[in-house]
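Here chain A shows up in two complexes: once beside chain B, once beside chain C.
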Partner chain A sequence: MSADCSISIESGSPHSWKGNAARFITQRLLNYLIALGAIFSLNFILPRLMPSDPLHAIYGDVALVAMTDEMQAHLIRQLSLDKSWWDQMLAYLLGLLQGDLGFSYYYRDQVSLVILGALPWTLLLVGLALIIATAIGIILGIESGYNRGSSLDRGLVASLMFLSGFPDFFIGVLLLLIFAVSLDVLPLSGATSPYAGYEGLSYILDVLAHLALPLASMVLVQLGSIFLLTRNTVVTLLGEAFVLTARAKGCPEGVIKYAHVGRNSLLPVTTATGMVIPHMITRVLFIEIVFSYPGIGSLLNTAISARDYPLIQGILLVVTLTVLTVNFLVDLLYMKLDPRVRYAY
Partner chain B sequence: MLCIKDLKVSFGKSHILRGVDLCLERGECLAMVGESGAGKTTLGLSIMGLAKGSATGEISFQGKNLLAISLEELRLLRGKEMAMVFQNVEDALDPVQRIVDQIAEGIMVHRSISTKNARDMALKHLHFVGLNSEKARMYPHQLSGGEKQRVLIALAMVNDPDLLILDEPTASLDALTKAEIIKLFRSAILGRICIIITHDISLAAALADKIAVLYAGRIVENGSAQDLIRTPRHPYTRGLIRSYPTITATKDLQGIPGRMDHSLSGCPFHERCTQSIDICSRTVPQPLEKDGRIIACHRGGIVPLLEIEHLSLTINSYSALSDVSLSLYDGETLALVGESGSGKTTLSKVIMGIYEADDGAVVLEGSKVTKWDEAFYRRVQMIFQNPKESVSHRMNVLQAVLEPMQVQKIGSPEEMHKRAKEVLELVELPIDDDFLQRYPHELSGGEMQRVAIARALVLGPKLLIADEPTSALDPSVQAKILKLLMNLQEKMGLAIIFITHDIALARKVSDQMAVMHKGRIVEVGATNEILIHPQHHYTGRLVNCAYGRYEKEDGEIDRMEESLAMKRFC
Partner chain C sequence: MHTDPLAEISEDPLARIGLIMLAAIALMALFAPLLSDYSPHDYTGKIFSPPDLDHPLGTDSVGQDIWVRLLYGARTSLIVAGAVAILSSSLSVIIGATAALAGGYYERFCMRLVDAITSLPTIVVMILVAAYLRPSLALLIILISAFSWPVGARIVRSQVLSLKERVHINASRTFGAGKRHIIFTHIVPELSPIISSLMMQDARRAVFMEAGLAFLGVSDPMVISWGKMMHQALAFTYLDVWQWWLVPTGLALSATLIAISFLSISLETAMDPRLAKGNTRLR
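Let's turn to the complex of A and B:
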């Protein structure tokens, strides 16, 4: 190897993507901050635009009836309702910064604390469902698309289309009846066995056992769309010239399938996955109710029945924040995956 | 050594290759030319084992029959012993991988080598094709078309393959980039077997030793590159070369009539061929070798239509023609040039049987003409300088065109009428009754010459002798008449002897040129070659006159006289 050829390819260059990436991220971040600002403003403005006084709008009839005059006076002071809109907004933002989302009269606790108790379970459920459904969907999609027209392909397309046609709570109920009621191999409801006092590994196993059915129903329904998208992308990509180049290089099938076709099919799949996250969050509400899973969904259900407005608002705010965060992460991932986006800015 | 025997490839019911035979030694470079859809790319892909259809026959390479070995064996040969550079440069590289990694992958697939070493090797190969380390780290979308082409060449060369297949390697490149890439190819193809798939004849001429012409899945002509381009023997090859623009081609571009049809029985080209005979539509011509050229044509290639052998004629002890020999091929134009009185018209009159030669022979389609009868005039017709004088002023348009048929007694009056209208349409004249009833004095010069051409063509001749057909017309009408003649030649395969003293005009319409001087032919050959390098002093003088360079008294040519307007025109 001659000296001039041993130049390290890691050496930086004026066209290094780091500068571009920083600009890309800043721009994205700015967009998300604008979205966030809009949401905060809506959350602030809406109750104040409603007829009757803001306190009434924020807390609702039931809570106000239960409140003493003293508490009302305290709240008006806290929310600066007796001052100008400008001061009210300042108070609202300051409260948000301190994690103050208000007080839940139903749970008799800070809204933020109530939500924090439920949030991990939902994140666990949605996060795992997303990861598992995407991973399985992509792998099955690649295999299916690569062997288009085979019996494997036809079988997968038919069964996954069939499954994704059902709403997930229906699948949930079905799984519940089969595995928890008839076969009695998995727990019926909840996230842990109450008062069992498990620790360590057995605690994890217990959590997983409770997670299995809700997770399975979410994955089964989610799988179809990711699978179909990957499969169709793979079928299209197989006609691309670079696949022919890879074959002409002498690449084995596995490399063509995953390193070239698979890698390229990730791009549209990532975009689509980012877009299904809000849908998954609505769907998890139903699943949690079906399985009495103590997450945000069940919490929202309770809050709505009890007309606990601060709690409802808090949940909506947290959900929106989560969706925005996840979308931002997807954007970053996409940039990592597609150099064309990376250099486009 | 690569040997292909009777290779047939079909996709379902459509047969793309219908029996290709080809043998190439190491160090030989073959250009595979032909129109789109002829099966060129399929041939390349079949050798690589990448064609989707089913293949039969034999492709032997390095002692193995590539159609018989296992997929895994074939994969191990691909990229290592044989490599292909694909047509579509824009999409041929994986968009999400750095090019250095894509090339390193090509190395790692075939050798056990560490990633780092493979990358170093890839860098070296990229340097060799002129891409630095910075470019190597880039992604395909950041490179220009020429740079991508370089990457693909590096990728093909990375394992030092024995066989290199280049599919339209310069199609999307600009002229300067193309020149650089050709330079790169020149070194890349050394010592390998190389197949260049292209429709770019200039590329084939620049790189290949041999050219094979593929038409509808069959090789119709195969021979040494220089020879084949200079003297194409198959009518299809000539059509391809005529339709390719080059800086030295002087004749206007002519296409090939019709479209390629893969499902024809007999010779695949017979429907578009102007010299096809009965057998052409019935049986497939077998490739036959003659003088180092393989041609698949029932007629043995382009047939000589007219051969003039040692004609001599003395009129009143003045030697009007002495030892004139010429040959004219089907579908070609021969320009007969020279000053007035050089014997051009006399020669045409001998061919037409108006004068009888003292010595020598006129041979038409292989048989010597002994009597100038009706059958002869059905095949040879003539048009003259002054159309108003060459058509009787007592005949209207219709009568003028009908006359030859009446003389020859061909068909019923209705058929003659129909044919007359057909021919008038062919020469782009109206066929309404008003026009048909007009007399010569009611027509313009251009219209009258068209009527004369129609009259000449009405019998369906193979040879048309045009004696100064446009010198009585103004330039714009002349241009239209010349275009008409060229189109007729393209459609009907008409051979034309074009008699003119105007070299500039001859240059635009003729394939061959014969220069006459004092009853002798002093020079004959391809028009562009004669004009670029005139061999005979007399030809040189004619060419100089055509360029507007006139000799001074001492015989030197005064180049200072060339005005800008002159340069613009020459």
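Let's turn to the complex of A and C:
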């Protein structure tokens, strides 16, 4: 899988690999732009399809009661609601380009600022969970696949498959009930102890103690898929000729396991890891709600129960944009790792 | 593919366990009115009462019998699962197969659509649509199906693409068989194991999505849902009530999901001989 074997794989191809790579990337980019466009139109059209007047639909009944007439008039002017659909769309897009996602009535602040306040906690949780789950998943997967049929392998496969059967939030709930409610060793909710006034090291420890349970739930629900994929890839790779060669020339087991089989299994695992990130972003919403962790998930929960439509819309946009960006980065990485992709398009 | 995966899995203990679990849950849902003296919307007047003979799982924060709500919750889950499995897999087959057979711009358009939908964070989109359109069970089924079919369509398309180049189909074509004959006597029967596997995955996703959306607060207020029960119960973890409110509901939901997974895993193993036991060297 080294990069220097890049000649003569598809000698008949009329394109240089740079041209192919560019085509691959533009294709993917086009897909993501279509998806993003669909979300923009959904955000724009849905409130305007409602039977009540658009301002009602955009801000919801509750918010309008609290609004003064001048505020309503101002909003109608700002969103061009008294003009044609075309002007409304322009106003909407211009607003988005300036980072204006609307005004959250519930938090009495700009939606963008409200989301920015919650985003770091979610990123911390997802980022750490991704790293830990991938690392553990790959190592366990290699060990398990290499010793296929051993008691370690069978135990791991059975327990992780069993675990992956549970819905994400129930695993969170179980951990919460065991460690925070029954044993009372870890904090029940939140990201920091309120009014504790911790500083320096004790603040970090406090954050970590609050992070432990949500993080453990995220890792547990994510581990299964990465583990199973690595294991199955390793099992398939063990039948390849290069493993036989490595054995024949007397490579030590550890080298075959990690440098030959392990390294080659990284390719599908990287793609799969990239593909699980969108799932993780939806999973984290549930896990955050279970632990009242103050990220995007809890924000969404509040927005739904308060019927704060601009906030729900803003969260949808931010989550979609994040997911699509991550997908695109994974495509780029995948192309770097696998020279065949550069030739396939 | 000349083995019959559906016949093969009836021997598999994993599939049997899954089927028994699913049958038990379905029976509970079906005979819900016979298994409890209460209606799920009754208020008994006692709140947070611990389990006793009258209320096998006690009562919740507004005094409703938890056991009967658990039974009726199974109905919601299974109805959504069944409806989504049928609707979504039909969409997958129709769009995937027509795309593969028609080709051209139509195929490219369909596959673009599939790529675009699969790259979206579906739960959040569903939340937005459901929040605007007042959630109902029918809307939920349509929404979940609308976001479930693309994965299946991709699988069906690639399967049909490879099927239509097979020797026996070419032979049939040489003998003058029409498109209709080829589709209904050769392609559809060969797709049946894939369709059943798709339906299982769709059903599993539907059960999870229904509960998940209700857990997030998006559900019809009149529909009894396990997800909503868990969401309500989560607010009272400081009381002992979670032992007979939160945990049984979560276990019921997990059991349903695990039962469908077992069936689905067993079917996939039967379809892919590489995963079966003892076939390490098979490539």
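Following the convention adopted for this analysis, the second predicted complex is superposed on the first by the 305 of 345 C-alpha atoms of A that agree within 3 Å, B and C clash if a C-alpha of one lies under 4 Å from a C-alpha of the other, contacts with A are read in each partner's own complex, and residues count from 1 in each chain.
Throughout what follows, a contact is a pair of C-beta atoms (placed from the backbone, for glycine too) under 8 Å apart; a residue touches a chain by one contact, two chains touch by 3 or more.
This structure is a prediction, so every number in the text was calculated from the model and none was measured.
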Per the contact definition in the header, classify A:255: touching chain B only (first), chain C only (second), both, or neither. first
Check whether A:176 is in contact with chain B, with chain C, with both or with neither, and answer first, second, both or neither. second
Under the stated touch criterion, which partner chain does A:204 make contact with: chain B (first), chain C (second), both, or neither? neither
With both complexes superposed on chain A, which partner does A:185 reach: first (chain B), second (chain C), both or neither? neither
Which partner does A:264 contact after superposing on A: first (chain B), second (chain C), both, neither? first
In the superposed arrangement, does A:323 touch chain B (first), chain C (second), both or neither? second
Contact breadth on chain A, by residue count: chain C or chain B: C
Tell me which partner A:135 touches in the superposition: chain B (first), chain C (second), both or neither. neither
Regarding the shared-chain residue A:158, is it in contact with chain B (first), chain C (second), both, or neither? neither
Quick check: in the complex, which residue numbers of chain B touch chain A? 48, 50, 75-80, 83-84, 86-88, 90-98, 100, 105-106, 109-110, 119-121, 123-124, 127, 133-134, 136-139, 141-142, 152, 155
Give every residue of chain A touching chain C within the complex, in rising order. 31-32, 34-35, 38-39, 42-43, 46-47, 49-50, 57, 148, 161-162, 164-167, 169-170, 173-174, 176-177, 180-181, 188, 232, 235-236, 238-239, 278, 281-282, 285-286, 289-290, 300-301, 304-305, 307, 309, 312-313, 315-316, 319-320, 323-324, 327
Per the touch rule, the chain A residues reaching chain B in their complex are 1-2, 4-7, 9, 11, 13, 15, 240-242, 244-252, 255, 259-260, 263-264, 267, 337-340, 343
Chain A partner, complex, touching residues on chain C are 112, 115-117, 119-125, 127-129, 131-132, 208, 211-212, 215-218, 230-231, 234, 237-238, 242, 246-247, 250, 253-254, 257-258, 261-262, 265, 274-275, 280-283
